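One chain, chain A, links the two complexes that follow: it is found with chain B in the first and with chain C in the second.
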Partner chain A sequence: MTVLEFFADHTYRMVLAGTVTIGFVAGALGSFAYLRKQSLISDVIAHAALPGTLVAFLAAVAVAGTGGRSMLVLITGAVLAGTIAVAFANHVARTSKVGIDTAMAVALTVFFGAGMLLLRIIANGEFPGKGGIQDYLFGNASVITTADFVTSLVVGMLALGLMVLFWKEFALRTFDPDQSTALGFRAGVIDTLMFTTIVIATVIGVKAVGLVLMVAFVVTPPAAARQWTRTLRGMVWLSAAFGAVGSGVGAWLSILLGTVPTGPLIVLTLFAIFLVSLLASPRRSIVVTVLSRRRARAALKRELTGEGANT
Partner chain B sequence: MTFVAGTALLAVVTALACALPGVFVVLRKDSMLVDAISHAVLPGIVVGYFLTRDLESPLLIVGAALAGLLVAVGSEWLCRTGLLTGDAPQGLVFPALFSAGVILVTTNFANIHLDTHAVLVGDLNLAAWDQLTVGGVSIGPTYLYVMLAVLGFDCAFLAVSYSRLKVTTFDPQFAASVGVRTGVVNTAFMFVVSLTVTAAFHAAGAILVIALMIVPPATAYLLSRRLPTMIMSTAVIAVTGALAGFWLAYLLDAATSAGMAVFFGLIFVAVHVASRLARHLRHRRRAGRTPAPVS
Partner chain C sequence: MTIASTSHEDVLAQGQAEYACVTRNLSVAYRDELILRNVDLRVPRGVVMGVVGPNGAGKSTLIKAMLGLVKPLTGTTEFFGRPLAKVRQRVGYMPQSATVDWDFPTTVQDVVLMGTYGSLGWLRRPGKAERARAMAAMAQTGIADLASRQIGELSGGQRQRVFLARALVQSPDLFFMDEPFQGVDAKSQQAIVGVLHTLREQGKTVVIVHHDLMTVRDYCDHVTLLNRRVVASGPAADAFTKEAIRTTYDVTDDDGFLDSLAFVS
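And then the complex of A and B:
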């Protein structure tokens, strides 16, 4: 297949553009989740997106009568449910002795369990346009429509816009929460904004890659980018670039190979980028650590034996 | 034994087998690791099937448990490189393994019934389908006895390594300084967790396994200040929650595993709210008793 043929196909174009958008947005905003040491929150969000999507679907069917499949309606439901799940987890961790990991696990099971209950109700009932609603569970990149792509692009840009607008507040809250509070920034407001952007970044990808794998889009690019850079700006840009390139390459590979699903291939591509970064980035990596340790050992040895010769 | 009674019993035994190791999972702040392990079960089963070509083989469970252990050990290794922070290591390993599993399924076994949906969701009623009959009398689902064996194994492990687990959980530095091999204890414990998750997976599905392992201990943690109390209340919450949740799901004709998971979550929320209220009232009463400052 030539490059021209590739781009002439509408489905291929949509798959590529859609996944690259998802990778870019998730990579950029995942940096904040990573730096706040709460990367797995995106797993909670992705699972909570299921009941949110289904409730939005049911509400749309009840109000509009037919076709509750508008991407915007479903994303709104998912964002709301995701935000509630995050708020619940953070609240439980703050107000009880249960740790944040346990609070996140509880939020995940409750929301996902509710989602599975709703899924059973929808599967048994008569609802217009219910076909393909289970794509939200496991993801299907080949069903990205132009409307889906435009919606995720617009919503994603909105989240990135929020990040740019509140850049200073986000950075301060991430690196020095006490200083941020002392300077008079409202911690609750900033946290809500920051986690909302992370929720959006997670939710726009669930339909294409599935709720199990979405966590990789938020975790992997920042973890790789962190090994190459020391500034927040550099990390966000690099992480977004890794996300976009990894998604593009993965999507392209899956189209070339034909039968292999897109989401898992993208995740493996991202994982490969991460492994290379971890092994061999020139600044922080396993190779650098081993080399510098060896050098230090040799220097110490020289010093000790040299001293022994002088006295 | 009737089908419903057998299935309810299976639910109770599965709940106990999950919740007891869960006590230490919660105390070690490793709760999300259970989520990660439960997703690694799929590639484990696929590779196990690749080697045995038999969906009934018990080796599949061992393969899946090893895959779960790979997640635990792999993320711990990533942590130890010192190049990553927070909970990212777990989030890095399990999606990669899960992806590898999905790709293996779609490229090799497209014609075989290894449905990712069934693997992820699981169903108590399906697991209880196979009834064990002795002398023509049904004595409950076969899988009940598998879970009983797992429960026995868990109890034995916890009993034997109770003191070592306790000291490595609460004070790992002290444990290392008095000569407890913390690495070995961790790996052994992770293997037990992994095996339990895998075995319970077939009966309960991913979502209920996490709920069973995390929510009863988390609820008990809110209510207790000592480890023995916490273990006892975990067991009580697991059993009553499993029975009530199963009964409710049966009554409402809802999906059993999902209904039970939500029910356990509601128990946690209720206890959390109640304990917050109680604390609030206590503070108020104490504040009322202190005399007003003399002006």
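And then the complex of A and C:
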């Protein structure tokens, strides 16, 4: 297949554009989750997105009789449920002796359990437009419509816009929460804004990638980007680029290979980027560190034996 | 009667203006454990006040509660006679350096620049003027040559000087410093002491949480001895006495502990 043939196909174009958008937005905003040491929060969000999406679907069907598959309706439901799950996990961790890891696991499973229950109810019932609703579990990039793409692009840009607008506040709060409060910035306001953007970054990908694998889009690019950069700006840009490139390459490969699902291939591509970063980055590479340390020790040894010979 | 009460209030108002900071009846509890009991503290303007006490005495908690970073159970704190929200820009805070992630991807100058964020407020970005102020603060603490270094590459003393520069850039009238000398080499200690002296000469007020009893007299002209409550507070000569230290640290005289502090009155 030539490049021209590839871009002539509407489905291929949508798959590529949709996943690249998801990768870019999730990569950029995932950096803040990574730096707040809450990478797994996106897994909670993705799993909570399932019942959120399904409730939104049911509500749309009940109220309007149709429109249950509108991306905007589903994203709204997912964002609400994701936000509640995040708030719940953080609240439990803050007010009880339960750690944040446990709180996140509890939130994740309870929302996912509710989602599975709703999924069965919908599958057994008579609902218009319920076909394909189970795609949310494992994702299906080939069903991305133009409307889906435009919606995730607009919502994703909104989240990135918030990040750019509140860049200074996000950076300060992430680096030094106490100083941020002491300087007069309301912690609750910044956290709400920041977690809203992370929730958006996660839920826009759930339909295409699936809620199980979505966490990789938020976690892997920042972890890879961190190995190469020394500033927050550099990290966010590189992480967004890794997310976009990894998604693009993964989507391309999945189309090239024919019957392979897109989400898993993207995750594998992102992992390859992560692995290379871990091994080859100049300052933090585990290989480079071992080699340079060995070289330095050898030089030290030569110097010392030389001194010994002279005296 | 009316005249008398008015003049009394005038005296009171004048008296309060002499203080950079007044805390009344401050109590703090973590969960249901009381950490600080009815703390009353007055910090006169233009002094360096050392808050001294054993581990777990609540020294950091006191500062955090005064600054509203920890919610107190009871009590109020006023700065220059007003609540914190009205005078935030005049109050600077230098936390213990261990409280942040030093592997954070940021450079020395970016951290120091954060000191200007308070005066900028929401949404406004730092510009040329802010960068110049950050540069000046880095020069004052002797870290100008480290400006573009990643903070993870710094020594303990250099980290403290980064935090000090960040506090200076805010140019507050009252500084709170939590253990500024912790894990600091001799060179950094000298640099920090130099800044402390400059601040005092400029008439600024400094409250430092301090660990080392031996050097309290060198750095501080006022002392508050704290162990869950205020044992003594005032000019060093009055408050930093053997008797008060003994009570604060819960030691008996034959421990030899106090003999090492022979210079104490």
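One rule holds for everything that comes next: the second predicted complex is superposed on the first by the 296 of 311 C-alpha atoms of A that agree within 3 Å, B and C clash if a C-alpha of one lies under 4 Å from a C-alpha of the other, contacts with A are read in each partner's own complex, and residues count from 1 in each chain.
Just so it is clear, contacts are C-beta pairs under 8 Å (C-beta built on N, C-alpha and C of every residue); 3 or more make two chains touch, one makes a residue touch a chain.
Not measured: the values here are computed from a predicted model.
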{"item": "Combined model on chain A where chain B meets chain C, clash or fit", "value": "fit"}
{"item": "Partner chain in contact with A:Val92 - chain B first, chain C second, else both or neither", "value": "first"}
{"item": "Partner chain(s) touched by A:Thr109 [first = chain B, second = chain C, both, neither]", "value": "first"}
{"item": "Which superposed partner A:Arg226 touches (first chain B, second chain C, both, neither)", "value": "both"}
{"item": "First (chain B), second (chain C), both or neither touched by A:Arg173", "value": "neither"}
{"item": "Which of chain B and chain C A:Gly184 touches, first, second, both or neither", "value": "second"}
{"item": "First (chain B), second (chain C), both or neither touched by A:Leu268", "value": "first"}
{"item": "First (chain B), second (chain C), both or neither touched by A:Lys207", "value": "neither"}
{"item": "Once both complexes are placed on the shared chain, angle at chain A toward chain B and chain C, C-alpha, multiple of 10 degrees", "value": "90"}
{"item": "Per-residue contact with chain A, leading partner among chain C and chain B", "value": "B"}
{"item": "Smallest distance from any CA atom of chain C to any CA atom of chain B, in Å, after fitting", "value": "7"}
{"item": "Contacts on chain A seen with chain B and repeated with chain C across the two complexes", "value": "35, 37, 226"}
{"item": "For the chain B and chain A complex, residues of the former touching the latter", "value": "26, 29-32, 34-35, 39, 78, 81-88, 90-92, 95-96, 98-100, 102-103, 106-107, 110, 116-117, 120-121, 207-208, 210-211, 214-215, 218, 221-222, 254-255, 257-262, 264-266, 268-269, 272, 275-276"}
{"item": "Residues of chain A touching chain B in the complex", "value": "34-40, 42-43, 92, 95-99, 101-102, 104-106, 108-110, 112-117, 119-120, 134, 137-138, 212-213, 215-216, 218-220, 222-223, 226-227, 259-261, 263-265, 267-268, 271, 274, 278, 284-286, 289"}
{"item": "Contacting residues of chain C [partner chain A, same complex]", "value": "64, 67-69, 85, 88, 91, 93, 95, 99-101, 104-107, 110-111, 114, 117-118, 120-123, 125-126, 150, 166, 170"}
{"item": "Parts of chain A lying in touch with chain C, wherever the complex brings them together", "value": "35, 37, 165-169, 171-172, 174-176, 178-179, 181-185, 226, 229-232, 234-235"}
